[in-house]
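Sharing a structure, written as structure tokens. Questions coming.
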Amino acid sequence: MNTDLIFCMGLALLILGVAVFVVGSREPFPAVVGFVIFGLLVSIAWMCLSAPDVALTEAAIGGGVTGALLLVATARLGDSSKKGQKTKTPMGFHGLVILLCVAVSAGLIAVVLTFPEPAPTLALVALEPLESTGVKNPVTAVLLAYRALDTLLETVVVLLAMAGVWSLAKDSDWSKTPLFGYSPEPGGPLVLLAKVLIPVGVIFGIYMVWTGSDHPGGKFQGAAILAAMGILGLVAGVTSVPAVTNAKLRWLLVLGPAVFLVVGLMGFLSVGYFLAWPPGLSKAVIVLIEVALTPSLALMLGLLVAGPPRQLPTSNS
Amino acid sequence: MSTVLDLLTIVFVSVGVFFFVAGTVGLLRFPDTLTRLHALTKADNLGLGLIVIGLLPRVDSPQDALKLILVWALVLVASSNSSQLIARKVRREES
Amino acid sequence: MTEFLFVAAILVLITLTLSLARVLRGPAKVDRMMAAQLLGTGGIAILLLAAGSGLKAAADVALTLALLSALAAVAFVKSGERLATRTKNDKQP
Amino acid sequence: MTIPTIFGICASLLIGLGLYGIIIQTRVLRKLLAFNLVGTGVFLLFGVIGRRGAGGGLEGDPVVFGLVITGIVVAFSATALAVAILIRLHEETGDDSLVDEPPDEEGR
């Protein structure tokens, strides 16, 4: 048996083991730590499946940013719930649930084992017009050339989710800024960490966007890294977020989707379809959209983690 | 020449992996949190560093070599600082 | 040579499985978080080994993980502080 | 057994496991974690299909991988919104579970 096959089997078993722990652990905190590890392992699994673009997304969003979000959430929710601790699911119901889940898994495994040979694929169809776009990374080409509508709506979904988070603020806190949980504490290793990591992270995030049109990477991965650096700066107290009522912040948030939409509408004029790129200019248009989307997406993702605007918790009064 | 480089890779990567094993054993066997933290930082920094050195002869461009070294440097900064943060937290909780 | 790097990756994977025991057992939150840190570094090592065996993009994934590995630890350490100040406030009438 | 088959089985089991967590857990945060496990399982299953669709010199089907990237970002947004709602619920009611009957009067 090949070593890579053994490695993948071990990885798959480890992923399943961590997942059992995430579901089965008694306290919420260990479950969240398990979930962070789960994200890390899954991003390695994506590398095994030869999907580096997805692996980058999972590493940045699944492991890093989601981990920070959930760790802060568990701290705020506390360890034990007052209710629900003693409630027990009836045995019969429990058995039924297990039966259902086993049936779902078994059915899916049966599907996996009976996949058609040879596998159906859109790779050749997707490759065919790839040359005309001038973009060498096929995944980026799919996201912004053939499935641009998906990507446009996706950025709108992220924006709406962020607006939803903001709408949860108390009326009295509306003019405040989103905080990532607590008051920053100046000095110490945290500031050093922020000062070293943030510049490198920002450069790498921009590199990720820039390289994304020809190599694995892209705006989502880059924006997630930039967002993570923003959160790090927020926690260390070296960066701050303006109040949510700030006009500049709001303009920056809608800039990306707005540019995307306007460029998409221009397709009516040049080619005759919505989101159709003018021939010969495809790569320029795709790069323009990527560049315009990156700061907006980075802000949205970071603000999603930072939560609704809140009053600074007073620690000593 | 290439066999010498291959040997270099094998030696350094093996020692690096050994440090990971040692760090994990420390994490599992040491009696309290601070000594475990000690074991952990050794594994992080040395193990990864040796693996990076072992892989350097195998890269085919200076950029790739730089990337490997950058990864190590970032892990060094991140792990030493977060270890200190964690140690402070342990101290604060004990007092 | 690729075979050797895969064997090394398998060995690192085994150490990761072992350090998972610390995440399971705890006892303190700090212990679980530390074990998660070790798992993060191990994951980076595996990705670098993969990059060494020819999967070049793995180095970018490793770099991403290295940048973000500190974020979880920082969020953990700071969020505990936030909780402490809040419970202090809760006690006041 | 091939690499896609291994991860296909892994993904199938993740979906079942996550489903179990969604139904059995009483605390919302745990349900969210379980929901994300199901989501990851679905993405992995999709990725397996994409990997099998390798062709034309590509290592996988780029259409499928593109969809998965979109999915991961949207799943994160939904999770973040859910966490924000949950924290607000906890601030208002002091509770974060979906159990109806309070066993004591501590809640008010």
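We call the chains A, B, C and D, going by the order they appear; numbering starts again at 1 in every chain.
The rule is short, and it goes like this: contacts are C-beta pairs under 8 Å (C-beta built on N, C-alpha and C of every residue); 3 or more make two chains touch, one makes a residue touch a chain.
All values reported here derive from a predicted model rather than from experimental measurement.
Across the two interfaces under comparison, B-C and A-C, the one joined by more C-beta contacts turns out to be A-C. Between the CA-based centres of chain B and chain C the separation comes to 12 Å, rounded to the whole angstrom.
With centres set at the average Cα position, the gap from chain A to chain C is 18 Å. Chain A and chain B, compared by their mean Cα positions, are separated by 27 Å. Shown for chain D are the residues that touch two or more other chains, of which there are none. Among all residues of chain A, those that touch two or more other chains are 4, 65, 74, 76, 190, 193, 197, 200.
Multi-chain contact residues of chain B (touching two or more other chains) are listed as 70, 74, 77-78, 81-82, 85, 88. The list of touching chain pairs reads A-B, A-C, A-D, B-C. The touching residues of chain A, when paired with chain C in their complex, are 3-4, 6-7, 10-11, 14, 17-18, 21, 29-30, 33-34, 36-37, 40-41, 43-44, 47, 52, 55-56, 59-60, 63-65, 67-68, 71-72, 74-76, 78, 180-182, 185, 190, 193, 197, 200-201, 204, 208, 215-217, 221, 225, 228-229, 231-232, 235-236, 313-315.
Contact residues on chain D toward chain A in their complex (touch as defined above): 1-21, 23-27, 29-30, 33-34, 36-37, 40, 43-45, 47-70, 72-74, 76-81, 83-88, 90, 94-99, 101-104, 106-107.
Residues 188-190, 192-193, 196-197, 200 of chain A are the ones that touch chain B when the two sit in their complex. Residues 6, 9-10, 13-14, 16-17, 20-21, 23-25, 27-28, 33, 36-37, 40, 43-44, 47-48, 51-52, 55, 58-59, 64, 67-68, 70-71, 74-75, 77-79, 81-83, 85-86, 88-90, 93 of chain B are the ones touching chain C in the complex.
If you check the complex, the residues on chain A that touch chain D are 4-5, 8-9, 12, 15-16, 19-20, 22-23, 28, 31-32, 35, 38, 42, 45-46, 48-51, 53-54, 57-58, 61-62, 65-66, 69-70, 73-74, 76-77, 81-84, 86-87, 89, 94, 97-98, 100-102, 104-106, 108-109, 111-113, 115, 119-124, 126-127, 138-139, 141-143, 146-147, 150-151, 154, 157-158, 161-162, 164-165, 168, 218, 220, 301, 304-305, 307-308.
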